[in-house]
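To start, the structure under review is shown below, and the notes come after it.
When the chains are written out, they are named A, B, C and D in that same order, and each has its own residue count from 1.
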Amino acid sequence: MPAHEGTSVALLASLLALLAATLRLSLPVLITSVGATFTELGGVVNIGLEGMMLVGAFASAWAGITWGPLAGIAAGIAAGGLLALVHAVAAVRFRVDHIVSGVAINLLAAGLVRIGSYRVFGTATTSGRVEGLPPIPVPYLGDLSPLVVVGFLLIGVAWYVQQRTPFGLRLRACGENPLAADTLGVNVEAMRVAGVVLSGMLAGLAGSYLVVELNHVYVEGMTQGRGFVALAAMIFGNWTPTGAALASLLFGAAEALSIRANVAIPYQFLEMVPYVVTLLVLAGVMRRSTPPAAVGTHYSRGDE
Amino acid sequence: GGGGSGGASGGESQGGGQAEQPTVRVGLVYDVGGRGDQSFNDMAYAGLERAQQEFGDRVEVRDAEPDAGGQNREDLLRAFADQGYDLVIGVGYLFTDAVTAVAKEYPDVKFGIVDSCPQEPLDNVACLTFKEHEGSFLVGAAAALKTRTGKIGFVGGMKSALIERFEAGYRAGAKYINPDVQVLVDYAGTTGEAFSNPTKGRELALAQIQQGADVIYHAAGGTGKGVFEAVKQQGKLAIGVDADQSLTAPDYADVILTSMVKRVDVAVFDLIRSVVEGDFRPGLHAYGLKEDGVGYAVNDKNRAMIEDITAQLDELKQKIIDGEIQVPETPGDV
Amino acid sequence: MNRIARGLLYAAVPVAALVLAALIGAVVVLVTGGHPLEVLQVMLRYNLSSPDSIAGILSRMTPLILSGLAVALSFRAGLFNIGVEGQYLMGAFTASLAGIYLAGLPAVLHLPLTVLAGMAGGVLWAWLPAELRVRRGVHEVISTIMLNFVSTALLLWLIGDVFLDPTQGGSTPRVRMSEIAPTARIPRIHGLAELLGIPLRPSTALDWFFPVALAVAAGVYLLLWRTPFGFELRAVGLNPQAARAAGIPVEATLRKAFLLSGALAGLVGMSDLLGYFGYLDIDFPRGYGFTGIAVALLGGNHPAGVVLAAFLFAFLQRGGLGVQALAGVPREVITVMEGVIILTMLITAAVAGRWLRRWERARLLAGQEGGRGPEGSAAPAAPGEEGQHAGA
Amino acid sequence: MADAEWMLEARHITKRFPGLVANDDVSFAVRRGEIHAVVGENGAGKSTLMKILAGLYEPDAGEIRLEGRPVRLRGPRHAAQLGIGMVHQHFMLVPRFTVIENVVLGSEPGSAGRLDLAAARARVEELARRYRLEVDPDARVADLSVGQQQRVEILKVLYRGAQVLILDEPTAVLVPQEVEQLFRHLEELRQQGKTVLFISHKLDEVLAIADRITVLRRGRVVGTVAARQATKAQLAEMMVGRPVLFRLDRPEPPALDDPAPLLALEEVTCLEGGRAVIDGVSLVVRPGEIYAIAGVEGNGQAELLQVVTGLRPVTRGRVRLFGEDAAAWSVARRRAAGMAVIPEDRHRQALVLPMTVWENAMLGSHRDPGWRRGPFYRLAALRRRVAAQIGRYDVRTPSLDVPVAALSGGNQQKLILARELERDPRLIVAAQPTRGLDVGAIEFVWSQLLAARARGLGVLLISADLEEILALADRIGVLARGRLVGELPRDEATPERLGRLMLAGGEPA
């Protein structure tokens, strides 16, 4: 029956479109939440990820317009990393409470991008168009950004680095038992700073993706709380890159669904879908989560 | 420099009120989002700038922006009024209560408010409102005339009565041209953040395009940039809002059919001029098609795209001005 | 011998931190093309020139104190309630319902009931994450982040579709609920100020909720450090295992602490709602919950510290407005300064505190050549100074 | 000028902490290839000294010499490079890591970009074979017994090529069998040319294994003696500064008309994941008796303690307290009814370390209305009462307001004892009550338990220390694999018999 065939083809098409939208929408959260595993495994809470993503977005718009997409992405990574360094110095070196430092970082970021935007774009809230990388045509899904590939590779790379390299072992030791790591000659401060900066660089990369690849434009506030959502995804994913990535995909799918579903419910309830889904999943299937034992704590030797 | 006010340097404002020449001092407080939004607030600023240019030394202008709601708006207005400013303007309907309160406190200071009006008439407050639905009617008609699929889209920012007025006019205009036209409607969210979410704007537009829409009108601030991007990628058409976006977002000029302009700048300039020239009139100043306060944009960049239908649009415009067409203000009335 | 000198030194730390923060803030202003001295002058003048400006600061403190207390209380129990944001918005909604629909009651009943309804709203919105945490071990950080998002959407629906004030008209109808009855409004404090010989302008927004917030701070202090429940709450926060072994019902304590934090959160919006606006609209002030986290932590999770930190934030925020309007410094510079000031304050306090302890230690070490042994020596052991905050 | 005889020397080491001098002009020397013990009371400064020798703390004055050369240790890693490694009393392990990961952490084989786990496993297995330290290299440390964890710590040190091994109270957490095994390991190490420096409170052990013994008292060296010529009494006197009697009074309890059991377990079984962690245990504790549970750790002692104190629900069977069915009673109800508890891990289960001494002293009876006026605590009265209480138990603390973390282990334990016994309980449940305590403190704790018995209280004592059990118990139950495999009255119990029961899990009929 051709008519029947027609509807099933249309259904398939919308499913594929949904899948593609899920990938697009998940990626910034995915990259950031995978990055967040680095900071947390090292023992530092980083709620400044939102701000780091935002400065990454701004910096990549500026460099992307000036020198092209690759420079844009590099600048985004660098900007996120630099802001993360501020957080790391405050939280690790000076032992400022991680949360407060993160709150301050977010404030800093919000102000800095506005000042920068005035200077660079002549307006506070938006940039001109940013060219992207040449997209990769994928059968059925359409054009995908090369960063989607990078993002998914990142999951494996993060896992490998954390589980199969001396760096990862030391980093995790600093998040679990910094005293033990110190007695074995691991430089706890350096490792923790490295973890924070890595997370900031990846948050910056996520910001770049938003600007250079997804929207081709910078808009103030465009990160829309994705940094916080990434943190939730990381916790939801039980502090592992794969778990974080899966949680991010779940968020992305829920968001894509809320955009594309045509259901007759009050509009505001569609807004809630991703968050309610997460809550339901948490309430239903979540096993007790196990954060790194020393996360959020400061470390110093006993005789100081 | 990093923004700042229209050229007035720091020290001079503090002298109090004993300036000898009759300088009109104007303070303008933005809506959240502030200056540099390339739309609403920037239009208000443009009016301020134009006044500065045209009247030179006869006006001194300064602007500010609240960081959250509540007392902040009131305090900023009051800070200006207290310093003896002659005209203090609140940009955005959120200023309704704040302007009401401060205007009562300072009866000698004149106030302006954009997009709204105090419940009770005050003789030192001028209200600058716009008939967005009238302008939206015209671009809705344009979309219906241009669509090949019979499907057009609307992407709103924050779901609210104000933005729904855009939707209502747009749909009414489209249906007026072609009762069978299908209008897909989406909003980007429920908070102010919905105006700065290009990612969502892009996804909504892509979804609408997938369903067949080929002209999409946005009333969504920065979120609209995502709509432009989707439309550009997919080779469809977009309609801008507030400012003439072929000019403010030139990268997308090739896909912007037209923009529904809302001339906040004109309204603000008119208000300042009225104070400078001493004929301030309190009460409602509603800017519609008749007053050229709203309209659709034609310029060098989109002329080729829209030339063929301008005659029809202008005819509709006249009908609205003449009252032959009543444009609904809420989507429910379409 | 010199307790006073020591006390002074400790008191000097935050002052030094503030001065340094101000210096760095000055650099920010300079870099962005402003005049630091003018900014400082304008800020001080705008904030301190009249009783009304002081009252303006105090009135801004009210929600920050309450939010800081809500966060601090949860931290003390080892919970990380970052859902204060959603909880106070829900509290504002339930209080509005009571304020509108209980009209007719005398004020002595109506006002307290309305405030209670606000607290109930906060409790309601804290209840789900509390149960999820206690029963299912779901980390409250995720659940409260999610619920913050949900609350905004839910509120828009409730305000915009269900309880919309039908009388709103005009060119731009406000999306808001009906007016709260006058019997549920919090009176302004001007009468008291008058009695004290401090006349305030009618427009000044300071209301009786400010002393209430101070009283709540005192109450939280008494609760935490003077009652068995507070003792249990802190013990559970510091060592749940030992608390359980000592017969403290850990889950019940956590639940109560979470709900209490929600109840405090429910108070956060009251001064704005019942003292200022008189109605709830979708643009009700946001962000107090997040500022509350900074207030709580800057205040060391102690009620007195929370009050001081709230003052600092209120001072900066109000001063920021004056600086914008009167010195032409753009808002973003002020936002950056806020971040810089928080960081500088904390870093300076941390570093100076460490120096101070080192100095004190050196002094102690120098003065103890002969004596030894723990008995008889009165060395103040640093109370968990490198200790852990309730982290995620 | 290298003096071949001395492997490691401490010369005039001084280390101050605020309010006290932990090490005061300490000098002593360790011979190459010897096992050298350091003994002293709680708080004598032993751990501090070891941490200095291992590079973790910096001394305020004095010099360390390694093989005759003065060295300045820049940190634990530097010390390790020089061949000094330390096993801390509180293990420095990452519980979530595997054995291999714990061992190689910080000195991983392989390139920077890759952790060569195969090479690591090979080295760890080789070391384990050479020193006969058998442990599963792929097990997660969290799943290992304490004795196995200690082996991991020793492997860590050996992996870094240590010539000198410092062990802080290595036997405090071990059961007798494990102690024996540890000593075999230490012997093995000595034979392979390593030098061992270790701390212990158990003088019998010290005399059995050490070559020479250095005694610290209040931060100063009292002297170094050869183990062969020393006696227990002599060492104890050097440590404490007065003669210590190794004899306990056992005052008899009053004859009671009502010998009804205070605690009775009837066929109690607890399942965990389908496995019985407690399996059909029945026992009674009567007034005026000490009932001891002996057994190799990990055979259900912790679970039994939880059942009795109300932290673990029973799957089958009955728990009766003071004659009533108490299976559903909460911890608080049991405590209110007259049960006192001394948990096994004082840092985790008994104390809230960041809280003050007085707060910890009222933990558990903090709901007592006598502490309050209306809803609020009467602080002054409360502090007076706490001061009196802990005074009776000789708790040494700089003030009531310091965090309890600042007290030495012995004083922390005395504080717990004061807190629990001053509540006037009828039943005391004590788990490992003297773990990590010095002889003086042990003497004190034991005499307190015996005094309680003499007042007609019942005591359920869970201990891994046979000496303690034999010294105190009236009856002894042996727990193996969650089952009570035997019950002996005091006069029939010998270490050998108990040991056989503990290991075999049952006596041949």
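One rule holds for everything that comes next: contacts are C-beta pairs under 8 Å (C-beta built on N, C-alpha and C of every residue); 3 or more make two chains touch, one makes a residue touch a chain.
Bear in mind the structure is a predicted one, so any value in this text is a computation, not a measurement.
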item: Chain separated most widely from chain B, comparing mean CA positions; value: D
item: A-D or B-C, whichever has more C-beta pairs in contact; value: B-C
item: Centroid distance [mean C-alpha coordinates] between chain D and chain A, Å; value: 46
item: Geometric centre distance via CA averages, chain C-chain B, whole Å; value: 36
item: Mean-CA-position distance for chain C and chain A (Å); value: 29
item: Length of the line joining the C-alpha centres of chain B and chain D, rounded to whole Å; value: 75
item: Touching two or more other chains - residues of chain C; value: 32, 152-153, 156-157, 160, 330-335, 387
item: Residues of chain D touching at least two other chains; value: 17
item: Shared-contact residues (touching 2 or more other chains) in chain B; value: 2-3, 34, 159, 190
item: Interchain contacts, given as pairs of chains that touch; value: A-B, A-C, A-D, B-C, C-D
item: Complex interface listing, chain D residues touching chain A; value: 15, 17, 51, 54, 56-58, 75-78, 80, 86, 88, 92-97, 101, 104-108, 110, 112-115, 117, 156
item: Footprint of chain D on chain A - complex, ascending; value: 164-170, 172-173, 176-177, 179-186, 293, 301-303
item: Contacting residues of chain A [partner chain B, same complex]; value: 13-14, 17, 21, 24-25, 28, 114-115, 117-119, 123-126, 128-129, 210, 214-217, 219-222, 224-225, 256, 259-260, 267-268, 271
item: Residues of chain B defined as touching chain C within the complex; value: 1-5, 8-11, 13-14, 27, 34, 62, 64-72, 74-76, 78-80, 83, 93-94, 96-97, 101-102, 105, 115-117, 119, 127, 129, 159-162, 190-192, 284, 286
item: Chain D-touching residues of chain C, taken from the complex the two chains share; value: 222, 226-228, 231-232, 234-235, 238-239, 241-249, 360-361, 364-365, 368, 372-375, 377-381, 383-384, 387
